[in-house]
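The next block holds one structure in the form of structure tokens; read it before the comments.
Note that the chains take the letters A, B, C and D in the order they are written out, and that residue 1 is the start of every chain.
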């Protein structure tokens, strides 16, 4: 991935830059938040001594002690439920669910308590809490290790749903999520954990505001609406598309809830065509909402229906077949080709 | 509700008719299925001696014994998990979740096992099972008793998602669901449990095929796409709309998965305008998928964007405020009015 | 060849093997002190009553009488349409009250949907306690102000909250105890298990209080568990289990006070099972005759918690006709006030629906709020 | 006035009250026989070995040696990229094999993701057993044909399946027993609790077998539970708990055979905890040195399951150099065959993705399958 940010560029200029991975950026975000705010507590399975199965919490227990970074018993509902109680007492838990599918046992706590507590108490009992969920496929994981579960969270009012696609955003958005007074489901694209960038853990780091999409590549022919693990795919597709004469705009949604209608609608109104790209299954997936609201808001600007490029509507495939499932550059380009170019401008 | 079916009409003609409620039709469907097929087992909290909190399983334990209609311990994951094991051994469990929100503890069993078992065993281990979930609001229930949780099920490949809106369909669809070799999440609109029809438990009863939508009211101006608890609202709105000169077609989707694109697209192509109506929250709700796929398939037939009339995007309100949340006739008519009538035909 | 190394090639020393326990294994906590007594603790009717503080006994009596009246009044309010639903604790007042009064002011109570009485006994305004069941909002009070978590409807899900809160308090150095209430049915839920395990591992200052009232709606205990007692579950978590007569308010108060004190001193969690009985139906909407015999209810009426205490106090000369009347009158005053206040329609603002979903209202909710406002205005005009 | 009736107006009979237990309460199951012994059962190294069938002992030995070799071979296959991942049971072979062999052919095994060895010991083709971990499909065998449920990755979620299956078998009148395997970490999950409770209430013929190997990935038992032993959890469900040395294959086999027999005869479920140790890392992807000391592993190597049995058999004259070599050779043959077969690329049809999602392919999946087919054809052409 090739995005550049001013922060990183500045750091590089200052000769301090060392490329960092997304996992490291996430770790640094927690570390900085814990150092600044003693109410921030990290908890989950294997997050302490081991530093997490993806090493995202590496070193936190050592630096802040086991009371601040806690290996819990193996019970996701218990973890999230305990975090609710901790938040009730004024702490800011940052909970790790080890893999997407292993967050399901905590679903009831999430939907019936985490998402609703502020509302049911008329604001008396907010739930400042981050639930970190490594999600998506592409890492050769066996079943239950590669789900794209974002729609379950998007459909649950009371939650923010945030997902970074760049190393810089991993830091900036996680800091903002931890600082938020609302519960944030923070979806970490696991196949980008080892993606690198010039962003350096030593560089001055930026907190990104929640709720804002960002244009990663400006373009004029059509808009690719995407997020998380599919951003690199879309950027690559956009590069490839230039050969066909298409100048694609790529929008990284970053925040699925709340949804940044402004940025998205402005882009689609400008280009007149849109494709939503994500790994999650298409049917009743995130792209359904995105396509529906773009169609509502940009109807008279659309030269073609909003198309969706998504995973197939089936249980996530076994490792040896996952490449057939994951939307790749070709599938994105095929969809772009179907945007009824003959019909309009 | 005033739909008529030939079966009921025939029965009435034969002088056998006694109006029945949806709850009774559901009970009769289970009774008939249990009588025909000894592998059908009903289980859940309070389904036996009490006959269920909505009395939908009334009398089954008495007629078929407690081994066929079983009061389980109070643990939803355990209930669904045990049902998985029973299905593995060749039984056809019909599981009752007492209320929508109380199905969440079973979410992991549903998503990771019920939905996936057939696929992960290459068809060797099907999961013929019905999960009955009373859903939706309008009954004055306190929090956690009125959720519209259909999107969680729709977004999970491997499940059928079915919801009746009439007494006749309650019987016919539940029979089909029990006969299905796939797991069916059977969503029962609780505020229609006491709705009556001429359908009689004594009448010869019809098994409805799964996966088919039905036109409940033919019309030409625009199509209302709806299901379950919102069907009566839409039918009433369609009647009221005639006063404004709109002749609305009302489609009862009945099966959310699989989705009957044929019936829906045919209707919308004919009318050129569509409004999706449901109680569930709009954002990332069922209407998102419906609107998105209708827009994809009918793009050049649409005179206006597909609009959505849905519950607000918030936790279900307390009883005294729920009427403000539920989409009613006026909201449907407001949406119809916004279908850009000035623009087209 | 890899497998060779895993088999033993050297000749075997004659004396080499004796049955040694596996290295990881060592006798851990002695289970004996964790096991509950074989009979539920009783204080009323025993000499131990003499050790009880007479002021406490009188207070408990007044609360029991008030609680009984509260249950009757709330049930009556359902018939008048003033409450959407009421799950009564008639017959369980000793458990509700004995538990609530075992807490200090700084402690937290985690009630289930049935436990409005415990909240009221802690001093919460009954109208606020009943908000959920009246239906004007979900939680009618500020949980932090009263240190009473929202009444919890999804069964057993509040237990991990109690653990987390107690754990957080301990981390902060506050000597706060959380008391979590749950029914016999609720003990079957996974959340019960996970909460007790977390509590024991963390040695969190939390007390789990199970009111075994014989039924989960229609399902009797025998279909819920095969355990010797629910209190026996404690040993599997490494915490003490205690069994108490839930209709003996002095015994309940004593057992819970001990458990709370232990927790406060760093001794960790306790599981207490109170044996009691739900005299009324599950809620006003339930018909208990469908699943239980009247005779069973009658047997329990003879073991009524108010009756047991009243007899004892009367026998010991701690209560006379005058005292009884005073308690009854106080209860009646509370009931009259409750009736009056509940007869007034709550003033509701539908726009509240949009106010507390998020800390900052999202653009989307602003739009939806505007839509509702416009509808309400139009409605107002058309009237 | 309603509250009057709830207080007692009549004068009190002097003799009226004694501490009677509450009416619902009766001493239920005696907990004593449910409690596990204070030490894990050992057979090897005791006189009890003399009672064991020598043929069984030799069979167990051959299986242990084969199992050890299987673990080594599967681990080697991960290094060669032939398996996506392998969770080894080196050090746990006695538990895996002792358990598997306690079942009759008609019985069902419910393995966790770690238990391929138990499945193989039951006779399942190792290549089929490893399909999940190779990554060509999720489950590599027909569960009904082998009566082995799919290897289960979401921890403890297969336990309620075992209960349901056992219950269904019993309802059908089949004397089938289900054996459900889970790790020490898995006992913390809510599904563990719910499964055991259902099993006990239904008296389902199921045996729960916990391999306590000291760790859940990096989390040691002490952070997982404070219970005296995991077997002590049984009493809370009203079923017997048994503690066994999980490295003593004869003891494991014996305890499980007893539990299976009991279940088959209608005696209900049992919880067995085997104390064992995971010699390898959690999987090949894990680095165990991050969370445990080498010395600990060494201590356990001295208590190796193969070693314990080999010594015993050698000392008793049931095994000689010849027998050891025969077992090693058989194991090596299995390993060579496995290696060879796993070195062949599996033949995969991507269209299988769409075949078994539903009994009948939906129109939507037909469309998507057509899309993939077209893509694959285009890909083929472009090559």
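The definition used in the following text is that a contact is a pair of C-beta atoms (placed from the backbone, for glycine too) under 8 Å apart; a residue touches a chain by one contact, two chains touch by 3 or more.
Since this is a predicted model, take the numbers as computed values, not measurements.
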>> Count the C-beta contact pairs for A-D and for B-D, then tell me which is higher.
In response: B-D
>> On a CA-centroid basis, which chain has its centre farthest from chain C's?
In response: A
> Where the CA atoms of chain B average out and where those of chain C average out, how many Å apart are those spots?
Replying inline: 36
> In whole angstrom, what separates the CA-based centres of chain B and chain D?
Replying inline: 39
>> Using Cα averages as centroids, what's the distance between chain A and chain B in whole Å?
In response: 33
>> Give me the residue numbers in chain A that touch at least two other chains, ranges are fine.
In response: 72-73, 75, 77-78, 101, 104-105, 108, 112, 116, 119-120, 143-144, 157-158, 259, 283, 313-315
> Which residue numbers or ranges of chain C touch two or more of the other chains?
Replying inline: 137-138, 154, 188-191, 193-194, 197, 201, 223-225, 352, 357, 364
>> Could you list, by residue number, the parts of chain D that touch chain B in their complex?
In response: 137-139, 142-145, 149-150, 154, 157, 159-169, 171-172, 178, 190-191, 193-195, 197-198, 201, 352, 355-359, 362-364
> What part of chain C is in contact with chain D in the complex they form?
Replying inline: 1-4, 6-8, 12, 14, 16-25, 27-31, 34-35, 38-40, 42-46, 65, 68-69, 72-73, 76, 188-194, 197, 200-201, 203, 212, 214, 221, 223-229, 232-239, 245-248, 268, 275-277, 296, 299-300, 302-304, 306-308, 310-312, 314-315, 324, 327-328, 331-332, 335
> Quick one: in the complex, what on chain B touches chain C?
Replying inline: 45-46, 48-51, 53, 71-78, 101-102, 104-105, 140-145, 283, 312-315, 317-321, 324-325, 330-331
>> Touching residues of chain D toward chain A in the complex: what are they?
In response: 84-85, 113, 132-138, 153-155, 185-186, 188-191, 216-219, 223-225, 290-291, 346, 348, 350, 352-354, 357, 364-365, 368, 372, 375-376
> Which positions of chain B touch chain D when the two form their complex?
Replying inline: 41, 67, 72-73, 75, 77-78, 80-91, 93, 105, 108-109, 112-113, 116-126, 157-158, 160, 180-182, 211, 258-259, 261
